[in-house]
Each structure stands twice: as C-alpha cells, then as structure tokens.
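These are the structures, in structure tokens.
Across the two complexes that follow, chain A remains constant while its partner is chain B and subsequently chain C.
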Partner chain A sequence: MRSGAAARPWAGALLALPLLLFLCGLVLWPMGRLAAAAFAGPGAPALRAVLAAGRYRTALGHSLLLSAAAALAAVALSLVPAWILARERFRGRDLLRTAISLPLTFSGVLVGFLMIVLLGRIGAVPKLLELLTGRPFLASLAYTPAGLFLAYLYFEVPRAVVTLESAFRRFPWELDAAARTLGAGPFARLTRVVLPLAAPALRSTLAITFSASMGSFGVALLLSRRFSVAPLEVYTELTGFLNDAVAGALCLVLAVMTLAVDRLLGGGRE
Partner chain B sequence: MKKKLLLPTLLLAALAATITVAGAADKVVIQYDCIPNYANWGGVTALYLKVAGVKVPPDDKGSSVAMAALEKEKEHPQADTAYYSGAIGFQAAGKGLHQPYKPKDWEVIPAGLKDPNGLWWTVHTSAIAFVVNTKALGGAPVPRSWADLLKPVYKGKIAYDDPTWGGTSFTLVYGVNELMGGSDKDFKPGLAYLKKLDANVSSYPRESIYNSVLRGEVPIWLNADGNGYKMKYVDNGPVEVVIPAEGSFTMPLVMGMVKGAPHPEETKPYLDWLLTKPAQAEFAKAYFRPILPSALPADVAARFLPESEYKRARALDLAKMAGAADALKKAWLDEIRGSR
Partner chain C sequence: MRIPPRRIARQTGIAWTAATALALVAPILITIWGAFSHSEFYGQRSEGAPVQGTADLFRYVLGIWGEALLHSAALVAAVVPLALLLGAPAAYAFRRRPFPGARWLESAALAPLALPGIALAVALIETAGGAPRFLLLVAGHLAYTVPLVLKTVGNALSGFDPALESAAKALGAPPVETTRRIVLPLLVPSLVLAALLVFAVSWGEFNVSFLLATPLLQTFPAALYSTYTTNSFPVAAAATIVFLLPVVPALLAIQALGGEEFHRGLPA
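Then we have the complex of A and B:
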C-alpha cells in the first residue's frame, strides 16, 4: 500500500479530497461566516460586547471553569477503570466496557432529565436521604453549578475511560519492568517512569474531554437556572433576539478558547 | 474500481428516490410551535389527520423561537403557519413574516382579536394563572396572590418559563410589570417584583415542564390556566388553578400564514378547519377557550373558575407589548436570569 501511494502521489491527494471538501464545507466556511458576523461593523461592536464585562463574559468564564474542572475530574476518575480494562482479563470485561461507554450515546437533554430525576427537588437521591435521615439532603442540586458539573462528568468519564484505555494498551510495560529489575521502588517508578510515559495520553484525554464540555449544550439547557454557559448564551441570542453578530462572536471566542487550551495541552500529540 | 462503486451508487439513488416518493405521498402542513401538550395540539392534529389525511407534525419551538426561525428562513421558508401567544404573533406579522389570509368564518372572531388584513387572528384565548400541584407544596398553603409568592415558604417551588423562549411567559412578565405600575416604556416595577420572586424560583425552563408539574418536581408553575385545568381534569393531577388576587392577564393565542409557505394548498383548508366547531372543541378539551363560543362544551365550561374570578384578568395591548418585546426580554435577561 505504502509503495503504491509513493508511486502515485496524486492518489493520496485524491483520497484526501472528500476530507478536504468536508473541512472546507463544514468547518472553514461556517467558521468564516461566524468570524464575519463577529467582526461586522466598525470596531467589531459584537466582539467588544462579548469580551466586555457582563452576561457574555461571565458565561464564557463559566464554560472555561466548568469544562476544565470536569476534564480534570473525569481524567482522575478514569485512571483506575481504564488501567483495569487495558491490563486485566476477566469475565464480563467487554460487558463492563460497553456499560461504561453507554452514556456517550445519550444526548445532553437526556442526561439533563436523568439529573432532574436523580437530584431534582423530588429526585430519587434526596428522597432516599429523607427516608434515611429525615431531611431531603441534595434536593434541587441538579439546578446548581454542582449539578451541572456532575452531569458533565456523566458523559466525560466514559469518554476519558475509552481514550485512556487505548493509550494504556500501548503502554511499554517492559520499561516499568526494567526499572523494577534495576531496583526502583513503586513510587520512583510511578513518578519517573510511568507518569512521564503516560503524560501525553493524559494530556490528550484532558484536551478531548475539555473540548467536548466546552461545546456541550443540551444538559445546560435543561439544568441551568442562572449559572449560564457560553453555548446557552448563543442559543438565547439566536432564538430570543436573532442576534447573529453576538452569537457569532460568542462562538468565535468559544472556539478560540478551546483551541488555545487544546494547544496548551499538546493537542493530542503523543 | 468503477464496477465496485456502481452497485452502492445505484442503491443510494434508489434509496433517495424512495424517500422522495414517500415524502410526496404524505400531505403535510408545517406549523411552528405545535407543542402536543399545549392547548391540546396533539389531539387537534391527530383529529385533522383523521378527517383530512394531512399530517401536521409536532414542533416544540416556543413563540419567540418560532418567530426567530421564520425570520432566519425568510428567503427559504420551511413552515406554512405558526402559532404564538398574541404579542409575538403581532410582532411576527409586523416584521413581514406572514401573508394575508382570512380563514372561513373570519366573522366569528371579535374585532380586537384579529388583524383587519388577515395577517394574524386568534384561535383561542387563555389567562395567566398559578398552576399549583397541591400535593407537592409540602404543607404550604396554596398561594392566592402575587404577594403570597414572595413568602419564604415557597422557596425553590416556583417556576415560570424563560420569556425569551415562550410567549406565554413573555405575556406574564409584561403583565406583571403593568400590574406593578410599569408600562411599555418603564420595566422597573415589574423587574423589581420579579427580582424578589427570583429567590423562590427553582428554574426558568426553555421546554414544556407540563409533566414536571404533574409529577410534583415543580409545585407552582406560572402559566396558562388551561394547562392547569388539563392537569386537573384530563390527567387527574392534584392540581389547583388560581387567578391571583391582585389581578391577571388574558392572552389571545394567534396564528398566521407564513409568507412563502411551501404547502399553501394544504395550509389554507387546515387554517379554515381550525376555526370549525370540531377543531375548536378539541382546543376546549385542553381548557383553552375557543374563539367560537358555541364550541365550548357545557361540562368544560362548568369546570373553569367562576366568571367572577376571571373579572380580574385584564386584556393587554398587543401593539404596545410587541413594541416592548425585545427591550423587555433583554432587561429580564440582564436583571433576572443574568449570569452569575
């Protein structure tokens, strides 16, 4: 295959054509339109409005904080399950993996409803706690930033497990074994061998979960009361006011923020 | 290579052709804001499919979203008709999104409740009320007034829709402002009240929470009275409808034919039919008052709160409301929903 492609370089370009068309039609062109909307008018008033103190900037800040927190927590929670799935062989492993990745197929709105059923004003968890303790602890948690955070975790943890597992599978365990034969203790092996080797995978998993959270919309649509995130503001601007300029500017800033963080994390390069 | 591609291509073409043919066989009318649980649109459209064989698919855009979608698609209209709370429909007509059409029986609609040129007309009316799930109040008394709603005992128990999403809630916000002494130019009194109310509000939903109220997740919903009666009498929920002591507001629910509607031949008979007795009686099943008074069955009429209660519900000026819509929605977002 490789020799064939080298012999006919145009074949590679031809095969890449669908992707290039896809990229132009569904990424570059809409991004260009957004940028045009955002920069429309003298001095780009929409972009200024989004970056000035107020509703938009607060929502962008919330998006950044919430997505970063969800990404960090998701990666931390996923380390052990991903490790086990990659290293251990046991009955029901495939079933467990399927079960863990199931939430990835749920839409955000569905996850939002799940949170309300579990942690709403009369959710299952507060009802249970009321039975046990006499007070409905955690009632209405679903509508708070903490509830939104939990909902984000619900679909970011599976994403992180799936990504990390495939990285752990390719992990050069012989290096760890070599360190052990050379007399390194567990802590030294963890900090000087395993973590440095796993760092690129961890960074790319952080980047993936972070990006997905930044764009998440359905969950916040259902759960957010006042704690707004940027995609929600885009929705409000479009549906409530038909304000293309501000919506475009919000999207643009959101995209730039996401790409900047991904870049900082190494953008999935391993 | 070419041979291998031939078969999938043919299959794809065949599939596309099937879809197109199947699409053409079904007669449809596209109505924006056709929420099955609101004003019994589910029952109305099911009946129309039965009598006329024309499908009107459900659509869960609120009034404002419907108007925004029409404006976005102005060059290539996708919808044939739209349903709104009065002021938003008035605003949509003013923006040139509708074409004039006067359905048959135009004369039954009272003068103030239709556009003289046929750009919009009322199909039924409703009033803003407290829809209270009495079992979910946790021992608190049923609130009777706007003042009651501010009491700490209702903390976390009240919800009203985001007025940038739904027209019912926009009517509520505009009406409360007028009730508190504001006007279409001065939103301060209303926003001051809503800010106090905010301490007790659990959420500002942007989807229909009809089922959440019935389930008790939301004990007090500030919404159309008809939705409350339907919960009580159709779904047998522990629900009480309250017209607040200080006053409330009536709300005409209007429709219009979209300019450049893609299915005009199907749309006109549908809009005609909506004003006939069978369709109007179907709206009445959801306790929205039909614009054709004779279509209100006696048993349904008897279940409404007495007329003396409805005396407190005043009509709002649609033109002024439409004029204030964007500014009031924006002020509500900045002051109430905000982003803290």
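Then we have the complex of A and C:
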C-alpha cells in the first residue's frame, strides 16, 4: 500500500486533477478577480466606500451583530435537545430528530415565508392571540429585526443540534465519571472537565451557525424592511444601482469577515 | 411521593426537545393546511376566479412555475453526477494516494462552505458573465456540493481497512479490478448518501441561484421568491409543497443512512 503510493505519487494527483482545475477556474480565479476589482483604481475607491461610515458599513455591522447573536442563541437553545437526542432513549426520539433536522434543507426564502406564516401581518401567532385576547399581538413581527433574528434561529437551531449531538455522542463521559470518583463536585466537574472537553465542539458549532447566517440572503430579502444586512446591500447595488465595483468590494469584505471568524473559531469543519 | 431529580431533569429535557421540534415543524404544518383548506382565513386570493379547489390550485402552480421546475430538475441532473465525478476520485486520492499539496487542495475545496453564496455568484458574473447562465449555475452549485462528496466519501474511506486493497493487489489484481471489485462496492453507501445530499442541497439552493437566474432561466427556489412576493397564501403554500415533495423523501433517506451531520455546515 505504502510502496504503491510512493511508487506512483502522480496517481493521486491525477485523480484530484479535475477538482483542482474546477477550483482554480471557477472558484479561486473569480474570487481573485473580485478581490482585484475591489482594490482597483487609485486609493481603491470601492473598498474605501464600503469601509467608510455609511450604509455599507452599517449593513456589514448589522450582518455581524445579527449572525453573532443568532449563533450564540442557537447554541444555547440547542444544548439540551442535542444532549437528550445523544444520551437518552425514549419513544419518539427518531421522530423528534427527524422533525428537528428537516429545516436543514430549506433555503432562505422558504424560511422567510414560514416566518411570515407564523408572524406576518395575518400570521398564525397573532391570529391565535387575537382569538385568545381580542388583540392581534405580535402581528408583523416577521418584518422587524426581531423577526429576522427568529428566522435566523429557525435555520440555525437544526444545524446546532445536529452538530452538538454528534459531538456529545463522541464525548468521553468516563473522564467525567473519573472526576466524580475522585470527589469533584458538579460545579468543579462542569468547569474543569466537561466544559474544557466540550469547548472545541461548541466553537465549531458557533463557526458553522455564524457562517451560515453571514451568507444567508433569502430570509432578509423576503423579511427585511428597513434593517439592511450585507448580502441584501450587495443585491441592491448590483441590480438597483448597477454598481458592480461596490457590490464586489462588499462581497469581498463579507467573505473575509466570515472566513476570518470561521478560522478564529477553529475552522469548524474538521 | 418524591420523584428523583434525575428523572425530572430527563423529562424536562425531553419536553424541551419536543418543544423545539414542534416550533420548527408548526409553520410547515400550517403551510400544508393552507394549501388544502379553502377558508378565506388568510385573505383574498389575488389570482381571481380560476383557482377553485386543491387540484386546481396545484394545476395553477405548475402552470406558472412548470418551467422553473424543469430548470431545477435539469440543474440537479447535471450537478449530482458532476459533483460525484469531481469529488469521489479526489476524496480517494486524499485518503489513499496523498500527493504534495493534497492537504492544501482539500481545505481549498472545503472553503466555499464558509463563503457567502452571493459573493461567489457576483464573482462568477463579473468573470464569466458572457457564458451560458446554466453553466454558471452548475459551477456555483458544484462549489457548495463537492465538499459534501469529499466529506462523505472521505469519511467512508477512513472507515475501511486499506489492507483490503493491498490484499487484492498482493493476490495479483490489477488496479482497475481492485477499484471495481473492492473499493467501489465498499463505497456504494457513501456514494448514495453523497448523491442524496447533493440533490437536496442543489434543489433548495437560493443564494447563488437567485443572482445567476435570468427571467428565462429561473430555478424553482427563485420562483418561490416570486410566488411569496406576488401570489396569495394558498398559491404560495401549494408552491412550497411542490418544492418540499422531492426534498422530504431525500431527507428521510439521508437520515436512514445516518448522514444528516454532513450537511449541517451548509449556508442557509
């Protein structure tokens, strides 16, 4: 096996050649051109416009804030379901797991629509509240920043549960048991054993949910009214103002921010 | 009667999990109900008289979005085999025939997962805007689906003993024979899983497709956006069901093969 691999190092390279050509031609080259265009001109005016105070930077800030908040909230909400699905046996567990991972395949527009169904102008929740209290509370919440946050949670919670569940399954519980045998209390075990061991999984879950939100476009396209996020601003620049240079620079900054946080959190994609 | 705290914790946890599942499924159930009920609960139909009854509703949806449905089907039909052809041999090379730069190539191939779809769509338009849009759509979808093939097939290759291949070789089998009779049969489950994942992702992809779509070449998710912004609730609900019909069986099959963890990292 080893000798075979050593004797024909070109065999592996040959097998991966189509992938290499595809990546260079249709991912790296276009992204490189995008970066070059953003830096084009004396003083890189497009990039400067994006980074200067104003609507572009506001949109980037909104994206960052919304994605970070939704990622943290999604991980917090998902710890218990992931734990239960990984550790407990009970009737209906498979059904619950299927229900929770169903939205993994939904595109952003679909999530946006579901949020309108729940919390739109005549959504199900306000309608129900009207039946109960006589007033349609929470109507049109879907179109506010809070609604956008809930929509992001909707597609992030399944991602977080699935990621954390597979981490909890591989968790070395015998170390926790050993700490208990050695006399450690619940708090000491949580802070000195469980959390340090779970930290990589938590970080990679945050990375996954964060980058899913940073790139999400369909949800905001359908729901956002005044609260702009970066992908939406790219779309407006491109189709509304035909401002390719600024759209490209915005894309570049968005991509760099997303990839940087993803790396910072440890890649998240083993 | 005292209930042990361990049991209370367990029951609370299960209730929490059930509540999460319910919150995620409720809007889908309401949507399905919306397509099959004819109450005016959700307001007037904007389409006028022709839509009367469920069959009529779906006929109407297929009438306006039939072409988008065909485009999505053609796109998926191109993306699934191409993703497997690009990804599977490379995954084999990364695990069994490492070459200089293989690690770099693998992480470059996985990087698009953290790359906003709209950025890649803009880059593709700026670089190759003159190329047929269908080809750009295929390229954009491949960038997000090849990583799935690399992960599933790579994972399967890590799971079986390379000694099986060495044994075949030692017994005199030529490489082609080893691949055909040893490697491929062992990889079949992971290839099926990869194909299902690529299908599910490509069918629902919006971020890349929406910008690359043209008025004459819309994918079904892009058509969904039009429907959500212009049509009445029953029509939008029916279109959503048409979208979900192929995805849900694929998802159930993915779950049966234990593969849901492979597409957790995808952009939404």
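Observations on the structure shown:
Methods note: the second predicted complex is superposed on the first by the 243 of 270 C-alpha atoms of A that agree within 3 Å, B and C clash if a C-alpha of one lies under 4 Å from a C-alpha of the other, contacts with A are read in each partner's own complex, and residues count from 1 in each chain.
Basically, a residue touches a chain if its C-beta (ideal position, glycine included) is under 8 Å from a C-beta of that chain, and two chains touch if they have at least 3 such contacts.
Since we're looking at a predicted model, the values are computed, not measured.
In the superposition on chain A, A:262 contacts chain C only, with no contact to chain B.
In the superposed model, A:238 makes contact with both chain B and chain C. Of the two partner chains, chain B is the only one touched by A:225; chain C is not.
In the superposition on chain A, A:122 makes contact with both chain B and chain C. Ranking chain B and chain C by residues of chain A touched puts C first. Contacts of A:203 after superposition: neither chain B nor chain C is touched.
Using the contact criterion defined above for the overlaid structures, shared-chain residue A:77 touches chain C, although it does not reach chain B. In the superposition on chain A, A:140 makes contact with chain B only, not with chain C.
Of the two partner chains placed by superposition, A:189 touches none, neither chain B nor chain C. Contacts of chain A with chain B, set against its contacts with chain C after fitting on chain A, overlap at residues 116, 122, 221-222, 238. Interface of chain B with chain A (complex): residues 64-65, 68-69, 71-72, 136, 156-157, 164-165, 201-207, 212, 215-218, 326, 329-330, 333-334, 337-340.
Those residues of chain A whose C-beta lies close enough to touch chain B in the complex are 54-56, 58-59, 62, 116, 120-122, 139-140, 143, 221-222, 225-228, 233, 236, 238-242.
Chain A contributes residues 1, 4-5, 8-16, 18-20, 22-23, 26-31, 33-34, 37, 77-78, 80-81, 83-85, 88, 90, 92, 95-118, 122, 124, 127, 154-159, 161-163, 165-166, 207-208, 211-219, 221-222, 230-231, 234-235, 238, 244, 247-248, 251-252, 254-255, 258-259, 262, 268-269 to its touches with chain C in the complex.
Only residues 10, 13-14, 16-18, 20-22, 24-28, 30-31, 34, 41-43, 85-87, 89-90, 92-94, 96-100, 102, 105, 108-120, 122-124, 126-128, 139, 142-143, 146, 162-163, 165-166, 169, 200-201, 203-207, 210-211, 221, 224-225, 228-229, 233, 236, 240, 243, 247-248, 250-252, 255, 260-261, 263-268 of chain C touch chain A when the two sit together in their complex.
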